Structure formats: structure tokens, C-alpha cells
Amino acid sequence: MTQRFAPDRPAHIGQPHLRRNALRHLAGRGAYVSDLALPRMVHAAFLRSPMAHGRITALDLDEARAAPGVIAVYSAADLNPMCQGWTGVLSHFAGMTSPAQSILADQEVLWVGHPVAMVIARTRAEAEDACEKILLDIDDLPAVAGFAPALDPDMPAAAEASASNLCFRAELKTEGAAAAFDGAALVVEGEWRFGRHTAVTLEPRAVVADYDPASGQLTVHHGTQTPFQFQDVYARQFGLPDNRVRVISPDVGGSFGMKLHLYHEEMATVAASLKLHRPVRFVADRLESFTSDIHARDHKVKARMALDGQGQVLAMEVLDRTLIGPYSTYPRTSVAEGNQVIRLMGAPYAMPDYHGVLEVLFQNKVQTSQYRAVGHPIAVQVTEALIDLAAEKLGLDPFEMRARNVVADDAYPCASATGYRFEKLSHQESLRRLRALMDYDGLRAEQAALREKGIHRGIGLATFVEITNPGAAFYGVGGARISAQDGAVVRLTPGGEAHCAISVTEQGQGTETIIAQIVADQLGLTPDQVKVVTGDTDATPSGGATWACRGAGIGGETALRAGRKLAEQLCRIAGAILQAAPESLALRGGAVVDAATGAERLALAELARIATYRPDTLPEGTDNSLSVAQHFAPQGYPFGFTNGVQAAWVEVDTETGLVKLLKHWVVEDCGRIINPLLVDEQIRGGVVQGLGAALYEECLYDDAGQLLNGSLADYLVPMAGEMPDILIGHVETPTEDTILGAKGVGEAGTAAAGAAVMNAVNDALRPFGARLCQTPMTPARILAALGIGPTERDETWN
Amino acid sequence: MKQALELQVNGEAVALMVEPRQTLADVLRDSLRLTGTHLGCEMGVCGACLVLLDGKPVHGCLTLAVQAQGCAVTTVEGLDASGEIADLQAEFHARNALQCGYCTPGMLMTAQALLKRGAVPDRAEIREALSGNFCRCTGYEAIVDAIAATAAKRGAA
Amino acid sequence: MKAPPFAYRLAEDLPQALDLYARSAGDAVYLAGGHSIVPSLSLRLQAPALLIDISRIAALAGVSLGPEGLRIGATTPHAVLLEDPLVATHAPLLAEAARHVAHPAIRNRATFGGNLVLADPASEFPAVVRALRAELEVEGPEGARQIAAEDFFLDLYTTALQPGEILRAVLIPPPAPGQLVAFAELARRQGDFAMVGAAVRLVPKAGVIGTADIVFHSVGLTPMRAVAAEAALIGQALDAATIAAACAAVAQDLQPGDDPVLPAATRLHLAGVLLGRLLRRVQGEWA
Amino acid sequence: MELTGSHSLTQPPETVWRALFDPEVLARAIPGCETLAQTSDDAFAATVKLKIGPVSARFKGEVELADKEPPFACTLSGKGSGGIAGFAKGAARVTLAPEGTGTVLSYTAEAALGGKLAALGSRLIQATAAKLADEFFTRFADVLNETTTTATTD
């Protein structure tokens, strides 16, 4: 049995250490890709399709090529032959199909914003000047924009290369599903619509590609979460050895899943640098972000739940339809979200049977793919709305309803009806904590008193299960070259400090801080003595990096094991110097100590000095290595599931449809907490992204596939004035799969915040018999539910 | 056609040639390499590009550089170097009121302008003052906490 | 998102600004705070040959009080309207509205005159100056003239300004004795374009409403005077029945269009709700 | 989005009908029309500069008349590319009904914007389209009425 934590060691794991790298940002010394200026660097701009679907009938670049400051102007004919196409399908999604993608639109444009031509100029302004001089003619083709056309068998496919608009269909069914509904005492049902939204990172996508033909080296400064994935993509697509491709991801101004997909503009930028032999920069502007960053959600769900007379959930039946883009995103696909939707339904509950169907449909809008909490908000919102509906029918309190149905804390390990295996979750304890944290009974009394005065407040609850620490089952088994492992090199510097180069990356979550805490604990140092390097494929071992809440759980475990390996090596060297058995030594307080007495035997600085400068004094045959490398891939459970419960307290102005968020609570169990300060802030940030989707954010399109709100003035993100304070509580159930015991937390907030708020709004509206089933819950939709103003045109289910 | 522009940036006299179409944010970032001023929307909605123009926060993306002729501009680098926001920076750090850091310079500009008004703002006033500063990472609460803590300490001093 | 090239000239005074315009063949735009022009240039939604900077012309600046009322220079930033004691005393409605205009940093540089001249139908100040029956002083190639706010806003983004004319100042008449004002708007987030907003000015006369000005914004192509609602108030005591009648009359006054997030009927409903709230607020102050 | 309107004209339907195919009349009626050249009996190439508030864009495109039922109805359609600003297109079914010695011109029009104009201008698309449609037919009526006046004084 591996020792978990030495009891006498001053543990930094679990402490609220501050982020040292935050100080740079506070001084204005952040270093983002969009800040980078390299010698001879030139700037890219793209001419994009203004139509959702069409055929290019004329493209004349001559005038643009002659414009001031222009270095080059490229069309598909120039760039597309430079690389292989890429197709976003994975073999474990059986039967899925997608057209191949290439760099620029060739003959057919597929969405508003599809890049058609690329201009390279001395400045971005000059590149945009030249874009105005390109003559582009496009003949309209029918645009698939919405569920009705996507489901219409007579409608042409969104892309001519597709046989139909069905990208993927999947079905999950337990044997008893139909019988459960036949024998149910109560069946509740509904239909929900989830608007399309997008990540809106404050720093848009940014890339500087720099090819040096003399060394054959391609360096790509790329604001991404996953540098090694892009090293692999660029190497394979452009036929370069991967060790000649260096991807550097310095400070990244927000990512949230959006920056790990392959985009046409980044590929074009690399291609241009390969052609021009000089650095080429592309930084998306905000309009380009809205029309080329991946979008997410865009689901419509029809679901019902069967219950027995005591309110015990027997089964769910779910049809999830989702509209993606004209093709499936590479390399993670656009079906992973729907796949998670149908598998996470009912996850917190002891539900024996299930029948779920997923249909993924093509349309002529920008691609959808993974964005924070992939699929979770949809599954949670549908499940929790059905639970509330059932509670209402049965006259049960929503807390009681959930308490009756969650999987008991002592019933683990267990499996869900959708096929997930859970190691150990804590729904019951989380519900108990939440009830106390929010003073549920007091709030109910307050709600009743205010209702008398015509003030309509509501309480909404939402339990959830979150997928973290994915193994290779997630993508690797389907053939994706997405690493499920991570790697670290930890070394003792000649001065006796530590250095850790690790493949997980930092976008402000605090990755570097927690890695320093973990390594410090293994080496008997303070976190400040551990320098952590991330985000550079030349500087760290390869690994999957930061996505799907794997940084702490998998990256952290990698660092822990690397740190232990180095500690053992240092004890061996010290043992040789001190003529002591390595097992009798330990590292504490910056020194090698006697493990039994704690008495200092040798300062680490002295050890490092000897091993570095006077290895000749070591006994013959002593390995003087001060560096170790360690890789780690999760084994055991395919995913590290976490759980929690959220509550929202809202006030609805029933005359205006405006919702005021009064307070929000989260109780969450992410396993071992490495840094409570950072964990809480991950949760808060996640909650607010969930609240954005619930109340504000929606990419609006017309029937022709035109985006109607491509700016931050019209696409509403959550701002400080409208957001609530968020109280957080924790349950800590470490995973037994790793020494560290940590799971992920980055998506927990987003997973259930929207569900809690929708339940709260519906709770507030209960006296009116009104119910919301669509996000975002805009004033117009809330008023429509109250019978004021028109309801939106409903698209049929066909 | 480039024009001559003279202004004070972070207390230093600067003279350079700019195109009329260049915004103050572009000139600060591209010509003077003061990259602490960020661009998030380039239409005055996100607050990432706020700088002090003659002491007041303005959007660097909405101000043409040529309009700053003869003015004093302070960027986050200047506020940092002068030490005048050291307490605010320390509270942001202690409260982890930033993640990716891209909104942070703009947040500091707004916060410092609010704090300099003198009265100790309550949480609602702080949230209202931040209404033009978008942060995608934190959910704002930590930022409000940090500003409130600074306000309380300055108010007590 | 970088602006196309243009020339820039700083005008020292009004004659120079007018002269620069006269020599521009009509392809020039006046620039003050730049908060509507600069983003529109950056988005390449317009491409004038010349920007004439009028932001430093002394004759366009300053707030002063005279016998005709409060005179607010066109280049006065919104923040001054919020903070200036003269505005607070003599045009509190304007100060109240200024709180709702965008965000603090915008208000430091965006100008009052620029806002009025843009005539965005979602903007607050056009509704307020119309409700206050302000006069707009204009200087142009043909000389100076004064335009009533009532006659200034002609159509979507269209004012009575002729090409080359510059808004010099806005004159707000002294408040009528007993005048009561209120401003509010319904917006999804602080500082957003309102779903609907309104400025109300009532002058009591012998215990009943003598004069009523109700001007909505964000519900039509211009700031919209609610004539029927005003008529429902005049000569009446400000009681619940009168308020209800005024709110009902709004449907005759406004014909908003649909937009992607707010159907016309919903917007009209909100206009009635907002007017009711404003009138009840005024009712509370009624002596 | 559908827009409707009607205008009273002093001339009989036959005169109005001819005017619909008269490049000089069209050039004066189309808001912001800079050039208009006939390319066939029923088609014209046009350059139009539109300025609405903070937006000003030059469109190059075609104007076409189709589904003709002389002299009572036809469909007038236009499509223009504004380069990187996007595109605008619209079609109006125009009907002419005699009224006394004159004509009532009614239209049902549809308009759409694409690209950047749609992404940034949706708040005001409908108002703008309605304004432009109304402006076209008002100016068309004005031009016709003016032409008649000139004709009678000659």
C-alpha cells in the first residue's frame, strides 16, 4: 500500500496558497499570444462568407494583392494542398459521419464566417484594407438553419459532401425501460430547448506561427489549453517531424474548452508561415470570435420520467436532438456533448431503467463542440426539472424528493442505468450540508411571507454528477490522438530549489500553484521553492494538458509521483554522502533529515552542490541524477466522477419578466482538495457561466443562417451587477484510484447552475401555473409563460 | 498619413508618429509595447482596454491616439510602478480575484477610480461600478470582495 | 477590427470646423468623444475621408445657468451631467437618466451632444430633452439657429441637422413651478440598451395635472412622445384610475417593431408597465 | 420579416407601370442610388450608397422585375453586395390598382441582410428595411407626380 500522506510532514496540499503567477497579471505583465511581436512578423486577416450556404462563383484577389502593405493573398487553391484534410469522427461513435475539412472554403461556403481568402500584410489594418478589395461572388444555396430544415428529408444536406443531415444516432436502452413506464404510478414529462451559446473568452483566439527553414523548426505560439495536441496536429497535417514542431502556450486569456479545437484560421496561419518563412500572426477580433469560435449546446430534449407511488424514480426516457455545424469538429467531434447528455441523465439517482436516444444533426452554422461542462447543464436541467415536476405532483418537498432518490452514500460502488460506473459519491451528505448552509426552512418561510405581499421569489435545487479525470476511454479508444496521460520532469536545481516541468497547462485556474504545492510536499520544500513550467512542448514532457477537469486529478498525480521519485533519488544520494540507509532518511524543511528523529542531516542545497559540482566526491557508482521523469495515466475507473448540489434563490418580476439572482449555494465533492481558495473560485466562475446560459447568452440566427448578435453589445454575458454572491460548502471523498485522491472541479459550477435557476424561476411562478422550459430565460420568454406576449414559434418534432 | 503625437505616458514624455486611424489602445500596445492594456471587444463594451486619460478611466479602443495629443495617459504598468494601487493589487492577490488575468488591468482602473471618489462603496455600488468590465473567469465575487476590502482599509486609514 | 484610413484635423474653433467641413466635399464627420464613430470605424461600417475633431472647441464646452435656463455645451461628457450641481438642481431628470447611459468609463468621454446627434432610438438623452422641452442651439454653414427638441428627432438616426451643422449646446428651460419628473428604464443588465425606457414631466395646476410630457425611448424609430397617454393625464388628478388610463393609452401611442429577442407586443406591454411605475413614483411626490 | 405599404399616385396604372421599368425613375427612387444601368429589358445594374446613422455602406448589385402582369403587378427584387459589410437583398410584390384617374400602388416586401450587417445591426434591421422600402415608394411617387407636373406645363 502506497503511503498517502506522511502525518508529520508540513502539508501544503489542502492549504489556500496564493497564486504567485497572479502577481504578473496584477502588474500588467501578462504575456499573451496577442501581445507577442516578433521580428519580421506579418499580420493575417480573412475574407469570410456572408452567406450560410452557397457556391463561390467568382473570387478575384488581384486588386488585394496590389494593395499597400500586402505581402500575400491566399485562396483555397494556394493553401489547401499544403495539408491533409481533417475529419472529426471517432470510431467509438459507431456510424458517425462528417465531411472532411480543409483550410479555406473551396467552391462551397458552409456558414456565415467561413473563411474564403487570407490576406497577409504588414499590419492588421492593411490586411483588412486589402480584404475590402477582394471580389467575391457567391450563389445562394439552401441553408439548413434550425431543427425543422435539418429534420426535413426533402432538404438538401448542409454540405454537398454529406448524404444527409444526420451526423450520428445513438441509443441506450435497458431491458426493463418500457415495462417501467407501463407499471409506473406517475409519469411526468416535458420538452426543453437549450439555446446555442459560446465561450466568449476575453482574449480572443490568437496564434503566431513562425517557421524557420534553416533549422526546419516550426514554432507556434498558440493560445490553447493543449499544446501537445496541436504539436501532433501541425506535424501530421503539414508533414513535419513532431520534434521540429514546438507549440508554446503562454498566458491564455480564457479558454473553457473553446481553444482546444482545430480551427481553419490557425491552420491557415501555420500554412502561411511555412510559405513565407516568417512569423505570421492571427488574432481574432470579437466579430470573428462569434462567427468562428465553436458554439455549444443547441439542443432540444423530449423526456419523461416514471415513478412509483412513493416517488421513487423507476426510469427515464429521453430523446436529445442537437444541431451542430456543417461538419463535426476536429479532433473531439461535435457528438461528444450529446453523448454526455444522454449518459448523464438521472445520474444522481437510483434509477434502474433508462432509454435514451441521441440524434446529431448538421446545419449551416458555425460548428459546435466542447465548451465548459460539455452536456452536463442539459442533462442536469432536464433531470432536475422532471424531479421537481414529480415532487409537485406528489406533494413532496423538493429536498425530500431528492433525498428519497439519490444513490445512498453507502451504496457505492455502483453503476448507472446509462452505463457509467461510480466509485464513490456523496449525494446524501451534500444534500444535508446544503440544507443547513442555505437555511432552507428559513428561506421557505421568507418566500411564503413575501408571496403575500406580491413578491415572487423561488428556490431551485439541482443535484449533479460531473465527469472528471477521463481515461483513454474518452477519446483515445476512438482513435483520437488526444493524450490520456501526463508527464512531469522534476529536478533539484544546483542551488537546492526545485523545478517542475509538466504537461498540464495554466489558464488561470491555478495549475502551477497546485503543482508547486504537491511537489513541495514530496520534497520537503515550500511551494515558493518550486518553480513550475507549463505550456511549452520543448520544455515539458508530453501529455494531455488541461481539459475535462483533468489538471488536478491526473496532472496532480503525475507531479506527486514525480516528486516522490525525486525524493527517493535524493535520499539515495544523501545516503551515499552520509553513509546512511536511504530508507532511514526523509526530506523536510529544505533538508535531508533522519526519518525517525527529524534531525537535520544535510541541507538540500548542500546535496545539490555536491551532486552538481563535486560528483567526484560521491562513492563510486552513485547515480548523481537530480532530475526524474514520470508519466501517469489513470487506471481503474474510466472517469473520476464528482458530485454536488446547487441551490438558487431568485426573485421574478412578473410584470417585466426580469429575474433577480439573490443568492446561490453550491455544495461540492471533488475529492481531495489541493487548494480550497482555488477550488472555490473555480466553482464560482463556473456557476456564473452557467447563469449566463440560463438567463442571457444565446447566439441568435435567422432562418437563412445569419448570426444576428455578433457583438458584446447584443450577445449578453453575465456582468458584475446582476450576479449573486455564491456560498460554497465541501464534502471531501478522495478517489482511491490515485495517491493524491483529487478529482476535477472546473465544470461543477456550470453543470448545475442553470438547472437550479430554472427550477427557482419555476418555483417563483408556481402560483401562476407558468413554467419555463427554454434557456436563456429572457424576459420575453418569462412573460410569454405568464401569458403576456407571443410564444416563440415552435418547431415540430417530426 | 502619419501625424506627430506628443503625450505623457506613465509620467514619461513620448513623441511618435501615428496614423489617425490608430486607437490609443493600439498605439500603447503596438508602438509603445505597453501590453498590459488589452483588447477584448474593440467597441467599448468589455473594459479590458481601460486606461487613465488625464486621470479618468476611458476606453483605449474608443479613443483615437491623435485625440490624446498633450494628454497624460496612465496604463496599468504606470499604476503598478507608482505604487498607488499596491494595496488594491494585494487584495486582488489575496482574494484570488483574477484567473486568466486578461480583464485585470481594466478592473484595476475601474476599481481605483471608484476608490478615489472617497466614500466607502457598498457591494452593490461596487458591482454597479464594474458594470462595464467583463470577466469570464471569476464570477466577479472575488473582485467585489477585493475592492470592498481595499475600500474598508483606505476608509479606516 | 481596425479602422480604414482617414484624415484627421483638430478644429480650434467653430469657424475652422465649419470651414474644414465646407472643404470636405461632404465626406467628413465631426468627432467629439468618438464613442459612436470610433467603433463604427473599427467595424468598417463607415469610411469618411476626414474626421474633424471638435472636442477641444471652447464654445462647445461647459454648463452654465442663465435666465433662459440651463445651457449645456455639446461636448459635455455624460459624467458631468451626473455630477454637476447645476444639472442636479436645474435638470435632475437629466442626471437621473445619465446613470443609465452605458458604463462609468464610457460616461467619462462620451459627450451629451454626440449622443443627441446620433439619435439612436435606444438612447436615453433624446427622450429626456424632448420631455424637458429643450432647445438645441445649432451652428452651421448658414449661420446659427435654434431647433426645439420636439422637432429635432426626425427618423431612425436622423435629426434636423443639415450637413455640416454642429450642435453647439442644449438649452433646458427653467422648471415650471411644482414640476415633477421621473425617469426609468427596463434593461436586462445595468447599462444595456433598454427594452423600454421613459422620461416623464408633469406640472400640477390647481390640483390636477396641467402639463404632461411623456417620452419613451427604445420603442420606435425616434424618442416617442406618448400623446394619448399625455391626454389621459391632463386635467385629471393623479390617481390610480388616471394612471391606469394613461397606461392603457400607450397602445395608441406606440407601434414598436419586433426584434430578435423582444416581440413587439411584449415591448408594448413593458411600456405600459414602466409608465405605471413612473407615474406611481411621481404620485408619491405629488404635494 | 414582411413589410407592407401603399401610395396613391395621380397617374393611371399604365403610366406607373412604364415608370417601374424606367431607369431614370428608378435611379431617382432608389435611396442612395449612385449609378443605375439597364442590362436587359427587366434588369438593371446598380450602385447604391446607404447611410443610416453610424453605418454607411456601398452596395453593388442588380435590380430585377419579374412575374409581370402588366400593368397590374410585378415583383421588384434587388440584391447587392456590400463587400466585407455583407449583403442586402429584398423583393417587393407590387400591385397597381386604378383609383379614379390615378393608381393605388401597394406592396408587400421582404428584406434581408447578411454578414456583418446582420451580425451587428439586427436590433434595427426591421426598422431600417421598413424605412428604406417606404422611402423607395415615396420617392417613386414623388418622381412620378413631379414628372406629370412637368409634362402638363410643357
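Letters A, B, C and D mark the chains in the order given here, with residues in each chain numbered from 1 onward.
Keep in mind that, in the parts below, contacts are C-beta pairs under 8 Å (C-beta built on N, C-alpha and C of every residue); 3 or more make two chains touch, one makes a residue touch a chain.
Source: prediction; values computed, not measured.
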item: Identity of the chain that, by mean CA position, is farthest from chain C; value: A
item: Whole-Å separation of chain centres (CA-atom averages), chain B against chain C; value: 29
item: Between chain A and chain D, centroid-to-centroid distance (C-alpha), Å; value: 50
item: Separation of chain C from chain D, taking each centre as the mean of its C-alpha atoms, in whole Å; value: 32
item: Multi-chain contact sites of chain A, meaning residues that touch two or more partners; value: 125, 128, 132, 285-287, 700, 702, 708-709, 711, 713, 719, 721
item: Of all residues in chain D, the ones touching two or more other chains; value: 84, 116, 120, 122-123
item: Set of chain C residues in contact with two or more other chains; value: 1-5, 39, 43-44, 189-191, 193, 260
item: Chains grouped in pairs wherever the two touch, ordered by label; value: A-B, A-C, A-D, B-C, C-D
item: In the complex, chain A residues that touch chain D; value: 47-51, 112, 128, 131-132, 136-137, 287, 290-291, 700, 702, 704, 706-711, 714
item: Residues of chain C that touch chain D when the two form their complex; value: 36-37, 39-40, 43-48, 118-122, 155-158, 193, 221, 257-260
item: Residues of chain C defined as touching chain A within the complex; value: 1-5, 43-44, 186, 188-193, 195, 260-263, 265-266, 269-270, 273
item: Chain D - residues contacting chain A, complex; value: 81, 83-84, 86-87, 112-116, 118-120, 122-123, 125
item: Chain D - residues contacting chain C, complex; value: 1, 51-57, 84-85, 116, 120, 122-124, 126-128, 130-131
